[in-house]
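Labels for the chains are A, B, C and D, by order of writing; each one numbers its residues from 1.
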Amino acid sequence: MGTIRLLEPGDWEDWRALWDGYLAFYRAEVSDATSRATFERLSGGDDALFGLLALDDAGRGIGLANCVVHPTTWSRRPSCYLEDLFVAPSARGHDVGRALLEAIKETAGQRGAPRVYWHTQAYNGRARSLYDQVGRPTSFVVYEM
Amino acid sequence: MGTIRLLEPGDWEDWRALWDGYLAFYRAEVSDATSRATFERLSGGDDALFGLLALDDAGRGIGLANCVVHPTTWSRRPSCYLEDLFVAPSARGHDVGRALLEAIKETAGQRGAPRVYWHTQAYNGRARSLYDQVGRPTSFVVYEM
Amino acid sequence: MGTIRLLEPGDWEDWRALWDGYLAFYRAEVSDATSRATFERLSGGDDALFGLLALDDAGRGIGLANCVVHPTTWSRRPSCYLEDLFVAPSARGHDVGRALLEAIKETAGQRGAPRVYWHTQAYNGRARSLYDQVGRPTSFVVYEM
Amino acid sequence: MGTIRLLEPGDWEDWRALWDGYLAFYRAEVSDATSRATFERLSGGDDALFGLLALDDAGRGIGLANCVVHPTTWSRRPSCYLEDLFVAPSARGHDVGRALLEAIKETAGQRGAPRVYWHTQAYNGRARSLYDQVGRPTSFVVYEM
């Protein structure tokens, strides 16, 4: 595998292709304007967000991670919420997801956030078999209104 | 029941007693310094957080809700993360929890956050029987690292 | 709270009362002969098992833990299976369960077992709220045939 | 399908290939020394463990089962813990897993263990659809420390 680095303003094309693949997985739609605004915040426009991009040896984007660093009530240090994680289907089986998770943990720590958390579908076996190795399942489920 | 309003700087005594009860439920400990800093942020010191306090007819604190409003990648509007919700044992059975949830939804909307989400233990039947009424369960579980 | 120590041959009366309370919780029945044989193995008659007894200040039994140390395929060191854990209802609320878990971890380590695992009903909120603090939930469920 | 029999000292090559495939599924690593020691215990070197090997018509290993027979507190007879079960991807769809489970039940009975239990990831739909046929799910989840 190539490298993982912070998302940069010039990554729009690569990031957008991965983002579209990610949204398709969730059968979700996000408007172009929102996608563009999210990219800009992730690539440097907002201190509360950061994006990571995994690149193959040829420098093409093969994975993304979108993170939010937000305050929490249990600590004076913030938490890092990993909101989106995606590896291109053609790049799977090479531990890109694991490398992204490890890079998230490191980047979050650099930003003062000792804890990273994320949500995953209870039935997403492929993702959870990785998450069970790199992270820890909790007893918590997610509600919304 | 009395009323629900935003947490104010003068609510420290009431809030602290409820916060301690909440932490005891989770068998957790948070330092005095962090508790104080969290209270100050929730009661006006940080735009990204807000607290709600439920009061009985005599004006005593009987419930709290601590919320974080943070950016999200799926929308240009933020989300509201309900991090802590607690009703004093002596005040249970009078829909204080439901009233707090409804007030959270309203306050979050006023702050531009159309979506409120929270975590609850999969096995917490008492809480979930309320959450299933006011909110919606999702298929998501929580991981951390 | 008093103390926690290894089960001894003279503890039969105390252990039996706790064991009966434990079995009643699971609506289970175990014959007298088996209960007696289990006690003898736990109190020194079988290297593969050990029992712990929690005592109050007056020296009365208020909690038990029954453990099996068995080989595992993933390591050359054995694992410790915590098969039974029980605190007398009258002694609850004083962290006896937590103290027993910590003593199990220590005793298992002394017997060469770096890992302790146990089963709990998915819906047993009271137990899990403790287990979530002292241990870690996993993604595993239990099957039998 | 060919046959299922107890693991023998001459099965090292076949067993090791299956074991590696199994560990890769769990993204786990076990040292060579431990793998070798485990094989030796499973193939006759330890009464508390037994291994089963499924062979195709040409006598090649296509599936393994690693079992631990350990004492239990609820009975004077031991229980059989099925720790590892694996069928080579190329051999799936021919009921090798089911045949292994049935052979485990029979072998455990011969060794005095009337009950066989095992753990599986809650989200492993492929495995559970088989386990629900041959065995019974319980309400138990697994914790560790």
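Definition applied: contacts are C-beta pairs under 8 Å (C-beta built on N, C-alpha and C of every residue); 3 or more make two chains touch, one makes a residue touch a chain.
None of these values were measured; they are calculated from a predicted model.
**Q** Compared with chain A, which chain's mean CA position is the farthest off?
**A** So the chain farthest away from chain A turns out to be C.
**Q** Approximately how many whole Å separate the CA-defined centres of chain A and chain B?
**A** Centre separation, chain A to chain B: 27 Å.
**Q** Express in whole angstrom the distance between the two chain centres, defined as the mean CA positions of chain A and chain C.
**A** Using C-alpha averages as centres, the distance is 41 Å.
**Q** Please tell me the distance, in whole Å, between the geometric centres of chain A and chain D computed from their C-alpha atoms.
**A** Taking the average C-alpha coordinate of chain A and of chain D, the gap between them is 36 Å.
**Q** Where in chain A do residues touch at least two different other chains?
**A** 122-123, 128, 132, 136-139
**Q** If each protein chain is taken as a node and each touching pair as an edge, is the resulting graph a line, ring, star, complete or other?
**A** Here the contact pattern is something else, fitting no line, ring, star or complete shape.
**Q** Sort out which chains touch which and give me every pair.
**A** Once each pair is checked, the touching ones are A-B, A-C, A-D, B-C, C-D.
**Q** In the complex formed with chain A, which residues of chain C make contact?
**A** Contacts found on chain C: 128, 132, 136-139.
**Q** Of all residues in chain D, which touch chain A in the complex?
**A** Chain D reaches chain A through residues 25-28, 121-126.
**Q** Please give the residue numbers of chain D that touch chain C in the complex, ascending.
**A** 28, 30, 33-34, 37-38, 41-42, 46, 48-49, 66, 68, 70-76, 81, 83-84, 101, 105, 115-123, 131, 134-145
**Q** Would you tell me which residues of chain C are touching chain B in their complex?
**A** Going through chain C, the ones touching chain B are 98, 122-125, 128-130, 132-133.
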